[in-house]
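Here come two complexes built around subunit A, the first alongside subunit B, the second alongside subunit C.
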Partner chain A sequence: MKFFRLILRNTLRHKLRTSLTILGIAIAILAFALLRMVVGAFYAGVDTAAVDRLVVRHAVSFIFSLPISYMDKLKTVPGVEDVTFASWFGGVYKDPTKFENFFARLAVKPDNFFKVYTEFQVPPDQFQAFLKERNAAIVGKETAKKHNLKIGDTVSMKGDIYPGNWDFVVRGIYKGRDRSVDETALIFNWNYLNEQLQRDFPARANKIGWYVVKVHNMNESAQISARIDSFFKNSAAETKTETEKAFNQSFISMYSSIITAMNFISFVIVGIILLVLANTIAMTARERTTEYAVLKTLGFKARHLTGLISGESLMISMLGGAIGLFFAIPIAKGFQTAFPTLFPILPDPKWTIIWGSLAAFAVGILSALFPAITVSRMRIVDGLRHID
Partner chain B sequence: MPDIVEVQNVYKAYKRDSIEIPVLENITLSIPEGEFLALMGPSGSGKTTLLNLIAGIDRPTRGSVKVAGDEVTTLSESRLAEWRSRHIGLIFQFYNLMPVLTAFENVELPLLLAPLSKKQRKEHVDTALNIVGLSDRTSHYPRQLSGGQQQRVAIARAIVADPTILLADEPTGDLDRKSASDVLSLMEQLNKDFKKTIIMVTHDPHAAESAHVIRHLDKGELQ
Partner chain C sequence: MAIPLSYSYRNLWTRKLTTLLTLIGIALVVFVYTAVLMLDNGLKKTLVATGSDDNLVVLRKSATSDVLSILDRDSARLIAQFPEIARNSEGKPVVSSDAVTIINLDKITGDGMGNVIVRGVTPDTAMDLRRQVKITQGRNFESGKTEIIVGTSIAKRYKGTQLGQKIKFASRDWEVVGIFNAEKSGFESEIWGDVDQMMGAFNRQAYSTVTLRLADIKQFPAFQSRFQSEPRLNAFEPKNEKKYFEDQSQGLGTFLKVLGLVITIIFSFGAMIGAMITMYASVSNRTVEIGTLRSLGFKRRSVLLAFLLEALFIAIIGGLLGVFLASFLQTITISTINFATFSDLAFGFSLSASIVVSSMIFAVIMGIIGGFLPAVRAARLQIVGALRGE
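Showing the complex of A and B:
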């Protein structure tokens, strides 16, 4: 702390240069933090996946459906507590070219879907109303807010995977149990879908997208998965059973190139600010060569000078980092508000702050490294003879 | 008085590419405690080099430099830094003050390395600034002081930790006659009243007259 005043005064010596460097770091850390949040948003579904749920899908691909008749068989598998199912509906709502009109639409087993997915919280009276009506739907709080949907409103869609005109009556609005839960989906009764398919496309009726199995003991997940898959071996639709986490991960693998690119760019940004700050600190240290030599004559050791240079570098990098992070979270939230369906869940801001702070700290330390070593090794007589 | 500086058979040469340029040749010099010695000589005669060797900021090619009982040439860089903070007070021609620190803060710098409380540091700094006659300039930055005042702040910084020896390299070289005279009077006072051993490198015969002993260096040899 005794040297803090000298560090602070040195930092403020060239106000314009320091301000520009801090601004550059702030922008770079902001970009870094936003990219980390976007990457984190991709993985949010994986990180928050329930450990006691298994997903049973068609062994060939997720896009192939499974017979509804598997339901009863799955219930008999030892270790299974409950079974529900869902189908991806798709559909076109309003103008399909606008992001805000895209949100997940799922046809589900109405009586127990919300019992298995306890993170979707629906008021009991709304849930009862949902059960009573064939074309009832429950929408997430964010989607309801975005589209100004209220109980009793009708949501009309054009089918794409399932052709036709579809009208859903909003009978409930669900909230997430915590901030990691997607609050943008529209969930409706699978029977409504199936009845129309039986009438118009009988060959596609009585099929569902995937089953969700709740297990008694999560430690037995592997054995239960094996039992389920062996149960349907050599059937017309063989199954692949995996943990919800693995299932969600398989979705993300579709975007692996984009995620890899974003990861790469985020670290390139850190590399660039490292060079910018390293140049500033090296220039500063070179200008102060004589001063450092004088400090050495007073008895200052290499570690003292390293502390002064690192302190100044860290002060600039951490201040820039703090400014960048200060704006990163509101900007990300604004982005999420503008495109809720694109990023339904943002990762915990705590991790963005930790990552951003670590990046700023690393940049501060690494930038000071070379000038600190140079000054520490400098002979006093050479330093005293130095001319700026 | 015992000798506080003992320079024995010192040879110092600088290497420029593969050529060795001798600067000091076979220098032997003893300076008793409390002495005020002026080192004179033309440019390039090796005065500053000899001063640097005594200050422990440069090492001889050969020979021994003993100051305050310590063989300076064998100390590690880290030990040498500690040794300098205890024994050496350096005064430069161009003052070499930190421009971002006030007079008080500049004088306080050597004390930051000592195990002293803030209050103790303040007492030492106030005393040093009082000795050099700048008690009313404590909060001034170097740019707000005249050359003579800046040099007096530099002297206060050199004496604040109560070093064994004061080494001054052309302390009046950048000052007008009046300011130079004030600085020399101050150095005489430090020698007389505070018994400080002073070694001063100077070109100026008038400045050298303040010293008790004048030694001449020419072409690396002590006359």
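Showing the complex of A and C:
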């Protein structure tokens, strides 16, 4: 306890320097935490993917579509409980260069898509209204908020993948079952898309992007996937079936170099905090060389001095870390509200806090290392003779 | 009278460790800042180099990339007859009707699959049209065969794409007969083959785009007005190829830049605070010295300047170090997904004179901000108090 007071007093001796250091650490830990959260946001889709769903897509790549006729065949595959499908619509909404105007737009099988994707929660009356109208759409809560969309509003889009002008009427707003669900998508009736295609581009009609298969028993996923793929082997459109988790993972692997860069940078940040704190501690220890010599003369051992120095270092780093982390989560939430489409899902903040605290702790210990060793090894006479 | 420069830099020597730590801090920040600018520059260079100034791409209106565009055979034939189009040595119009799709290939590293652009091109004229493409190994694909040539960045990263090997897509085996480079442009991240073979294999009825070269770039207005007055081409529009590929870099470029600059700004706070701590310490350790200087007749202004210069020295050396380290990044190639085409694109870091200048300006600004407040404190010391060491 006595030691603690001494450390506290020492820390407060250079108020300006200490507060600058704490500020520096707080900012760096904040940046570190935000980066970890961005990386986590990339992976959030993988962690929350349902294990009892398989994605069936064209074997060549996902830009090729599958015939609608596969629907009935898929239903007959043993172990399959339900089958639904979706197509990536794309489209240009308002100014396409702004991130906020980019959110997922999917044309889906209307009657059972929301039964398979139970995490998208739609009020029953809104769902009934959605079924009744051809160009009805259900939008996510975040997108509705961002673009001020209410039930009955029309969303106009220009098609890029599917040429033409498209008008959707908002008939429902879905909420995510929990915080890990993307609340930014616009989901509409595939029949609306298909009818227009039948009229304008008959060759492209009656095709869908990918099937989603719900299985009875998730332990049979591998066998069912193999069964489906062999079923369509040597047909015009061969399929590739994988679990939803693997499907999401394959999207993330495309970003792997960006993620690697962010991981790398987040550790460079720790390096920078280390430099700032190490600088402060080294400076402080050098100024107090004489004092440490006096303490040694009084009978304090090397471990006491090490404790003093690392205690001060840790106090500064942990305080800075705490301040940084305190602001990190509200700022991340703010980012998310500002750009919901860029970060539709925020990862669990628990890990950010754990990582951030670990980083602050490691920096505190490492910064004290060098000065502590010097002071411990110092001979009393040299210390007393020291002139700054 | 000014305090001699040597006073400032010799002071840095006396506190080697502190100076070094601050310097490394600034160097790291400048390194990251330079790297971000280099990456953006490299991306632009890659995509801009993909386009040629006298080439035009014809796409369906509102299609943001060639993967999304659809152009039927009749329209393509019609466009190829325009008189403004250049002719090659055999008298054929320099036009390529491309069918562009994306396929999945396994990465050599084993971490999953990537999206790769496969471009079916018109066999005879595609090479006349894209002069930057040069076969480095093997030979060009032959018309009417299931042969492909592969860009160097693809051959380096994907399984089965090396010379002599075969890859299977669209239920056919395609033999890799050549590897090409294309002056580091986006084409190096593509696979090329005969467009008719591709369309047959993928069971497609329509091309994606038509690219053509004008005999003379000045004829663009004439070409455009002819194009617009042709009702059968109403659904399409010609774009300058260079401009088109530049637009393709925007989404990814903005993303990298915003992310990178936000990180650098936060970093720079850390570095400035580091510089400030060092300079404050250096001021408070030298109180008596400053008092002596002042009593010798040096003005407050001179003291301020001396300390500011000290901070600037650190910043400039740190800045140079950062840029120097970043220049080594030019050997690295990054491949990531381009949002505009949803396929893999390889590009490098590229340093330019303007990047060096702006990085150094950034370093100097950090030095000035970090050194200013401590220098002001030094300048405001009272002579008597300072001499007593108060």
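To be clear about the criterion, the second predicted complex is superposed on the first by the 388 of 388 C-alpha atoms of A that agree within 3 Å, B and C clash if a C-alpha of one lies under 4 Å from a C-alpha of the other, contacts with A are read in each partner's own complex, and residues count from 1 in each chain.
Throughout what follows, a residue touches a chain if its C-beta (ideal position, glycine included) is under 8 Å from a C-beta of that chain, and two chains touch if they have at least 3 such contacts.
This is a predicted model, so every value here is computed, not measured.
Colleague: Looking at the overlay, does A:Val51 come into contact with subunit B only (first), subunit C only (second), both, or neither?
Modeller: Neither partner.
Colleague: Per the contact definition in the header, classify A:Thr297: touching subunit B only (first), subunit C only (second), both, or neither.
Modeller: Touch partner of A:Thr297: subunit B, not subunit C.
Colleague: Which partner does A:Leu16 contact after superposing on A: first (subunit B), second (subunit C), both, neither?
Modeller: It touches subunit C, and subunit B stays clear.
Colleague: Quick check on the superposed pair: does A:Phe3 touch subunit B, subunit C, both, or neither? Answer first, second, both or neither.
Modeller: first
Colleague: Contacts for A:Ala222 in the overlay, against subunit B (first) and subunit C (second): which applies, first, second, both or neither?
Modeller: neither
Colleague: Output check: A:Val381 vs subunit B and subunit C. Expected answer is one of first, second, both, neither. What do you get?
Modeller: first
Colleague: A:Tyr255 in the overlay: touching subunit B, subunit C, both, or neither? Say first, second, both or neither.
Modeller: second
Colleague: By the touch definition at the top of the document, which applies to A:Leu358: first (subunit B), second (subunit C), both, or neither?
Modeller: Neither: A:Leu358 stays clear of subunit B and subunit C.
Colleague: Please name the chain, subunit B or subunit C, that touches the greater number of residues in subunit A.
Modeller: C
Colleague: Please name which positions on subunit A make contact with subunit B in the complex.
Modeller: Listed in rising order, the residues of subunit A that touch subunit B are 2-3, 5-6, 9-10, 12-13, 290-291, 294-302, 304, 379-381, 384.
Colleague: Could you pull out which subunit C residues touch subunit A in their complex?
Modeller: Those residues of subunit C that touch subunit A are 17-18, 21-22, 24-25, 28-29, 32, 60-64, 67-68, 70, 101-104, 111-115, 169-171, 202-203, 205, 235, 250-251, 254, 256, 259, 263, 266-267, 269-271, 273-274, 276-278, 280-281, 285, 334-337, 342, 344.
Colleague: Using the touch definition up top, name the residues of subunit B that touch subunit A in the complex.
Modeller: Going by the criterion above, the answer is residues 52, 55, 57-58, 77-78, 81-82, 84-86, 88, 90, 92, 96, 98-101, 105, 109-110, 112-113, 157.
Colleague: Once bound in the complex, which stretches of subunit A touch subunit C?
Modeller: Answer in residue numbers: 16-17, 20-21, 23-24, 27-28, 30-31, 35, 38, 60-61, 63-64, 90, 92, 96-97, 158-161, 163, 201, 203, 234, 236, 238, 249-250, 253-258, 261-262, 265, 268-269, 271-273, 275-276, 278-280, 282-283, 287, 388.
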